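Okay, so chain A shows up in both of these, paired with chain B first and chain C after.
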Partner chain A sequence: MRLTSHAMSWIALILLAIPWSAEALQKEVVAIGGAEITVSREVLKNGLTVLIMENHTAPTIGFCTAFKVGSVDEWDGVSGVSHILEHMLFKGTESIGTIDWEEERFLQARIEEVRLQIQAEQSVRFHRDEEKIAKLTEEWMQLREAAKELANGREFGTILTENGARGLNAFTSYDATAYIVSLPANRLELWTILESDRYTKPVLREFYTEVENVREERRRSVEDSPGALLYERLTAAAFDAHRYGVEIIGWDSEIRTINRSEVEDYYRRYYAPNQMIIAISGDVDPEKTVAMIDAYFGDYKRQPPPHPVQTEEPEQLGEKRLEVEYDAEPRILMAWHKPTVGHPDNAALTVARNILDNGLSSRFERNIVNKGIAASISASVDNPGERYPNLFTVSAAVQSPHTVADVERAILFEMDRLKTEPVTAAELEKAKTQIETAYVRSFGSNMRSAINIAYEEAVLGNWKRRPEEILACREVTAEDVQRVAKTYFTKKTRTVGYTVKPEKEELESAMGGTR
Partner chain B sequence: MIRTVLPSGLRVIVKTNRLSPSVAVRLVLHSGTIADPAGKEGLANLTSSLLEDGTKKWTGDTIAEKTDFIGADFGVSVDRHATVFVASFLREHLAFMLGLGRELLANPVFPAKEIRKVQGQILSDLREDEHDTGAVAMKNLRRFLYPRTHPYGRPGSGTKKTIPALKRSDLVRFHREEYRPSGGILMIVGDVKETEAVSAAKRAFGSWRGNGRPGPPEVPDARGPQRIRTKAHVIPQKSQCDIALGMVGIRRLDPDFFAAIVLNQILGAFGLGGRLGNRIREQEGLAYYVYSALSPTVGPGPFVIRAGVHPSHVGRAVALMTEEIDRIRQKKVTDREIEETRRFMIDSMPLRLETNEGIAAFHLNEEYYGLGPHYLEKYRESVQGVTKEEVLAVAQRLLRPDAFGLSVAGPALPAPLEDLVGPLS
Partner chain C sequence: MTLQNSWRAGAAVLAIAIAVTLAVTPASALTAREKIQKLTFEPIEVTKQTPHRETLPNGIRVFTLEDHRLPLVDMVVIVKAGSLYEPADQSGLAELTGTLLRTGGTESMHFTDVDEKADAIAARFSTWVGTESGGALLNVHVDRLEDGVQLVADALRHPAFDPERYAVEMAQLREQIRRQNDSVQQIGQREFRKLLYGEGHPAARFPTTASLDRITREDLVAFHERYFAPNEMWIAFAGAITPARARALVDEAFGDWESKTVTYPEVPVVAGNSTPEMVHIQKESDQSIVSIGHLSMRRTDDDWALMRLANHVLGGSFSTSRLITEIRHKRGLAYATGSRFSTPYLYDGLFGAYAGTKGESTGEVLGILLEEVKKMDEAGVSAEELEVARNALVNSEVFEYENAQNIVQRLVDIDFYGLPENHYEAPFAVYQSADRKTLNEAIARDLKTDGLKILVVGDEAKFDVPLEDFGYPVRKVTLD
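For the complex of A and B:
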């Protein structure tokens, strides 16, 4: 395969002689749950933040590159663009994944021109020229075939994989986007080369093919999953104004119609070193690592900061209820508006969540699951994201012969009990231990450590905000829990969604019945 | 690493790993769903699900309270061959968690009320599976691969008929006969001193006695389908189909194991799904996911190609799958393919051995199949030694473009499935 050997020789050529700087890095230390977390920090001149956790127990490294941008930063008409861009950054660069970049660049430009012509024609409402659309579409398909001949969209992943990479992946949330991989420790420079090329000279090749894969992902992860579908529609109902009301993957009509040039615009606007955090955990020397990153990322140009999200969710003025018809075991999802990390009440709400739902001895487990009312139940304090005020959610699958209404009553009974009687000292103590222990144990692999540090730096502004928030939970009293329950778990600010089985007749016709 | 055998026959293996201040424990007993008596399918599953609901020393509530209080995770799972106690926790709780493992496995009491609750939960899971396109596709595929009399052809989790009929006396008998320490394997990995962990294991398990199977149960061969067999199952309201195309694969101890692993990598695993991923996902944009999976285990596990596609693309996706099956058994793989696969398998090994869980899984495998003691070196040599000719030979042995099971679950297809498979059938 000519392509990959081409890229490998190119990589061999640009291996730089890096002057190691011996300056000591700023160290940040947090003591929590009997462990100490130490992170070295360096901010490059272009604004790129580098965070390093040394760990020499295995000859491995976990990498996480996070950008401070997620679906909450999108705008009408391009929902899902953050996630589509995330997919596209696996398709290579101007030098990786191509046979002839000059020729490919020409074809890519032409593909986009024709695409825009087709869309312009399709947007005519009356008497549109179907013949012209068909002709353009045919040309477009031919151009795409020709471009495919020049591309190898797998090359980026292949180089990493044949170098022993595991867990090569990425994820997009409402708040941020992160790219992850684990490599043997002696592949640090290879990663730095590939990763710098990836964000400075990406080529969104095979774009319109990949968009079809994203539509399949939407079908699978949202439309075919009753729980996810209910979540999508409930958040859409819970937020009148804020973008937290649009699911990360976006609406199908907008995924289907997005153009490559729109994604490239978004990339230019939001992907810049000053929006970027690199976290590296594992068998590395922090000073040398920073010097290497500076050598390869130093030329990456800073951009003006993107528009902040200005929309604030207006106060909810009354309970909202919705149903989603779905032929599956019924489910319920309930949500209450609440503040996020950094607000003094968030710690008490986090403790309340753990008392309701964490482990087999939690209130929900004992009083709802063990009584056979729900098959499963879970509560969360961080949906949809944590950059902006969010929701306290409770979701449950009904255990037959009970109904969704039974489960709702059981949940509300437990929520009300938090308001009327103080939680016990043992419950408080247990919740606090669980919260701390879970955080410490989440550093169980280099990749998880890198994700923790990079993602939380991107979302919360500083990775230490998370352990600080957890330490704030230590101070929470029974009165605090009671107070926040009264403040936030109100009928007025809640949204309640059920999945219900479709009416009999409709089901028959969906199955090709006689009606 | 320390390996020792307690007088009861329980093998204990301890390995220090100081990546984080935590510990992972696995305890394997050779009592899987294969041991379910005929007509009582799901008994091993129900038995293992009830262990945490009460023991001679502690009620289920007490167990939940104690483990939640220290933030420990634990559970008991069951597969075809084994029951496995799994736990992870901070290092200071080692003695307590080993004691809990002993209590759960040796002294469960199976309270009648809890049995009914767990039966209800398993039935709920089974009902949910009926709406899960992946679960339905795999269940129907299995019927083509293994006859109902074969241990892998039986419903391991039980059925809507068998689960409600199980009685407490069944559980008590199953536990008495099947949960035996001799031949079992206890693996402890994490931030511990190896000698101290062995002592803790002796204190927790030393007095537990009982003769069980010395190793994994026997599993007979299976021929698999001798022609193309198809099954389409409609689940209304879904928008995507799950495809499962498969045949019978190999045992873990098959002499062709390494060649078969390399074959699977190249066909449908390397990077984003090998050749299949490249054709079906990258080139044609037909699927969110596509991959092949080989499950070499005690017996001949299935060799399956899976994909999630729109119903209108099922025919095209299946055609590409059979084309790739045909190609890999007609023509040797390229030098480039075999080289990148070998490099990946060898160079990614340190990453598999980074976490407590990864180390435990590796050494457990080594002990379970008797691969040791220097399996890591043998692994490298064996992978390095796989040739293109061996990959071709094993492809011709395992794959046939005219004999496989094809199971699709999801929305209605545009045409009958057997027509979509095309001229090959």
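For the complex of A and C:
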């Protein structure tokens, strides 16, 4: 190849001359709250969307790669698969993280074969061959140890760390999955190489060890947290059909039993350039950056879009109530079904949320916390996600000596007041100013800017939907708030959950005497 | 802040290099590893901006750094007032004072009016008193800056500590105490500090119902009266604001506040001991929290930068550290594990290594934590490990100059603690030049493995190994 050096530079010149003149990049500008948010957009031939925000304050870049897939896209038996894949995409590729890929590939295949054999044997209900299971398990453990000798699942992270990365992380939501990192600006090409390799040639190595870490994460973030446990069980009760009823991290039995091949199936189905958004905020030249991304991601093959979620949550037919026993001070969580972003009522519900709970002057703070009924309280308009109709939620920690029932009454009193009397002009104006200012604030760093635009592009279809929704809040009237309160905050469509301290079981018939 | 030209030129050269590579070599011919091995990086140069600084006649020091990217302004006020100076039997006094500055109203405004005003201008506005310092934070739209600064000044100068709000905040703090044992993580963090510092030191003093019983509203008034003075105050502005505007705002809001002499009690000496000990706190839970550690250095210690390198290797780096490797990557035993040096300025810090693991692997994880810390103490770091840590810390230095508020805050800290001007830059020279011998000698000095304290919070019925087997005297503690 050495002899072609002259030809090489000739071809290179042509390549440089072709694309991405300054005009080719579409600039999207949104003026909101006195700020101008400017984003350059390019959609590559394979459907990959690149969004760039320039910020030359310092020689740094924030990166966010988001995929339009989250736990809501999962199916029965594999809950948590989105999140497990997110963990596994830190484990390297066919070249990063391996010592000898050909050898390792063979072992990885064999590990999965034996795993499936073990599971097949374990699924036999009667006269299971325990000896065979034990033998296979021993072989499986040995194979896994041997594979570890040929690989280093930390290499991907180590390379980035050594190059000065900050905030290397990822997150999975019900709606989308996003991978983030910040790097010094002279590492743009390094990121592009690693990131393109990561999604095109991933190796889910050390899989069955990482799954145990995910189970630890579940213990830590759900089971050790009474508030999170109540949330998991309440959403499960609130949704009869829709996958918004299954917590992102998944059920322990399904995390424990998922196979690597199932995660690989999921990966092939949902990870594709046309499902992907790259957002970059920082010290970059947009045209050159797009050219670089195209050079490395251009070969990544487009796929037919995956099936959308077809399930619609059927109308709730009556109030649902539940208790979660936990050795902790009592909490309450209430939820009402509501439409999501894009529905004309969502802006009014967002304003209602801010009037109830945003700042110490809000109604919940003033009338519930300040009265000593709850120790803390918060309302939300976007749980569990925003791609599909969702919930208006209110959660509170009870202040002793009050009870959960007292807090529930106080919350319902405030929800009812929204229906019976119009909110004041001052409350409306305050809510609108808060919503706008919070949005401007969310562009406070490169990392947060990149996450904002990538994530919202993935979830809402276009990052501008969010500022459009916020501008729609500007138009909301007191009558709108009253109307949506009457429409959505109904007993029939709500779910109410309490945590209660475990009590000794007694015969319930013995307690009341008569029935 | 602007970049120097060398980097701009560098980017163009890089772009050409890629085009060449891809034009002649099928993309599949080179692996990602080969591609990154071919990369070279232009050196990055940061133009370091110097915040504007001036001192008002009454002693307030004002620092300003402009950043007009967004129409927002950050204002941070630091006051020399902390729980270090509260009476030992009134734990919670400093914290309550800090909260009520913001929530208790002022001499001229009822607290509901302050709340209303702060929300109407969509300000993020809070006050606090921590261990070493207290103050106020404001983030507000530049169009509403003046109102925001007035709110902050009024809160710091003329707080009313309204009895009604005082009762609410007191009740909330009592509720927090009631909830403080709801999760093993919370218990682990709090009790580990108590174990190391001993319960008497302010660094490990937490409010109790008894300590709150000994506090009155008048104590808050007196605490504020004593420690809040313009000559013990620093104000930092960052964002869409010029130094002239900052000066004018501070003059208007704080200018007529007269300076006064503030006397401070002695900062209590840390009286913790180095007797090895294990404490077990029983709590029914799926997960155990295991922590080991000892008292350690202050932020101003000569070894601080070296220990930052060492800790990167031991448990500071999420991607590469030994603890992450052994506990998480190799064995799948924890989602969260790591180690840290927590290093305050005015009193001794601590070293701790920790992990959260299922009850059934509590002993296994404790064994690994002990082994890794001891191994680090005895053998130090390898040359390769030092290189990774060095590169990681040196290459990430640019992030120190990414955020105007951080830049200006560092300058305030230098002034507040009376540190040398190069306090925040000096460690980077150490990361750059440290050799293995120097580092390992420091590790041997600063890791004190024969005086380790161990805390295990979790359900003994699930443990894989009896805690007594580790050879430390085990003390069982029951929480109320």
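We adopt the following convention: the second predicted complex is superposed on the first by the 479 of 515 C-alpha atoms of A that agree within 3 Å, B and C clash if a C-alpha of one lies under 4 Å from a C-alpha of the other, contacts with A are read in each partner's own complex, and residues count from 1 in each chain.
As a convention for this text, a residue touches a chain if its C-beta (ideal position, glycine included) is under 8 Å from a C-beta of that chain, and two chains touch if they have at least 3 such contacts.
What you see is a predicted model; the values in this text were computed from it and never measured.
Asker: Which term applies to chain B and chain C once both are placed on chain A by superposition, clash or fit?
Answerer: Result for chain B and chain C: clash.
Asker: Looking at the overlay, does A:197 come into contact with chain B only (first), chain C only (second), both, or neither?
Answerer: A:197 sits against chain C, while chain B stays out of touch.
Asker: Looking at A:291, would you say it contacts chain B, chain C, both, or neither? Reply first, second, both or neither.
Answerer: It touches chain C, and chain B stays clear.
Asker: Touching A:299, do we find chain B (first), chain C (second), both, or neither?
Answerer: second
Asker: Go through the superposed model and pick first if A:94 touches only chain B, second if only chain C, both, or neither.
Answerer: second
Asker: Where does A:318 make contact in the superposed view: on chain B (first), on chain C (second), on both, or on neither?
Answerer: After superposing on A, A:318 lies clear of both chain B and chain C.
Asker: With both structures placed on chain A, which of the two partners, chain B or chain C, ends up touching more residues of chain A?
Answerer: C
Asker: Is A:189 touching anything from chain B or chain C once the two structures are fitted on A? First, second, both or neither.
Answerer: second
Asker: Can you list the residues of chain A that meet both chain B and chain C?
Answerer: Of chain A, residues 1, 4, 33-35, 55, 57-60, 148, 153-154, 157-158, 161-166, 168, 182, 184-185, 206, 208-214, 216-217, 219-221, 223-224, 226, 327-329, 358-362, 365-366, 370, 372, 375, 397, 399-400, 426, 429-430, 433-434, 436-438, 440-441, 443-446 contact chain B in one complex and chain C in the other.
Asker: Where on chain C is chain A touching in the complex?
Answerer: 1-3, 7, 10-12, 14-16, 18-20, 22-25, 27, 31-36, 39, 41-46, 67, 69-72, 103, 112, 115-116, 118-122, 124, 139, 141-143, 165, 167-168, 171-172, 174-176, 178-179, 182-185, 284-287, 317-320, 324-325, 328-336, 356-358, 388, 391-392, 394-399, 401-404
Asker: Which part of chain A faces chain B closely enough to touch in the complex?
Answerer: Residues in contact with chain B: 1, 4, 33-35, 55, 57-60, 90, 148, 153-154, 157-158, 161-168, 182-185, 206, 208-214, 216-217, 219-221, 223-224, 226, 326-329, 358-362, 365-366, 370, 372, 375, 397, 399-400, 426, 429-430, 433-434, 436-438, 440-441, 443-446, 502, 507, 510-512.
Asker: Per the contact definition, I'd like the list of chain B residues that touch chain A in the complex.
Answerer: 17-22, 52, 60-61, 63-65, 67-72, 88, 90, 92, 117, 120-121, 124-125, 127-128, 131, 133, 234, 236-240, 270-272, 277-278, 281-289, 308-310, 334, 336, 339-341, 343-344, 346-357, 410, 412
Asker: Flag every residue of chain A that touches chain C in the complex, lowest number first.
Answerer: The contact residues of chain A facing chain C are 1, 4, 7-9, 11-12, 15-16, 33-35, 55-60, 93-96, 148, 153-154, 157-166, 168, 182, 184-190, 193-194, 196-197, 201, 206, 208-217, 219-221, 223-226, 283, 285, 288, 291-292, 295-296, 299, 327-329, 358-362, 365-366, 369-370, 372, 375, 397, 399-400, 426, 429-430, 433-434, 436-438, 440-441, 443-446.
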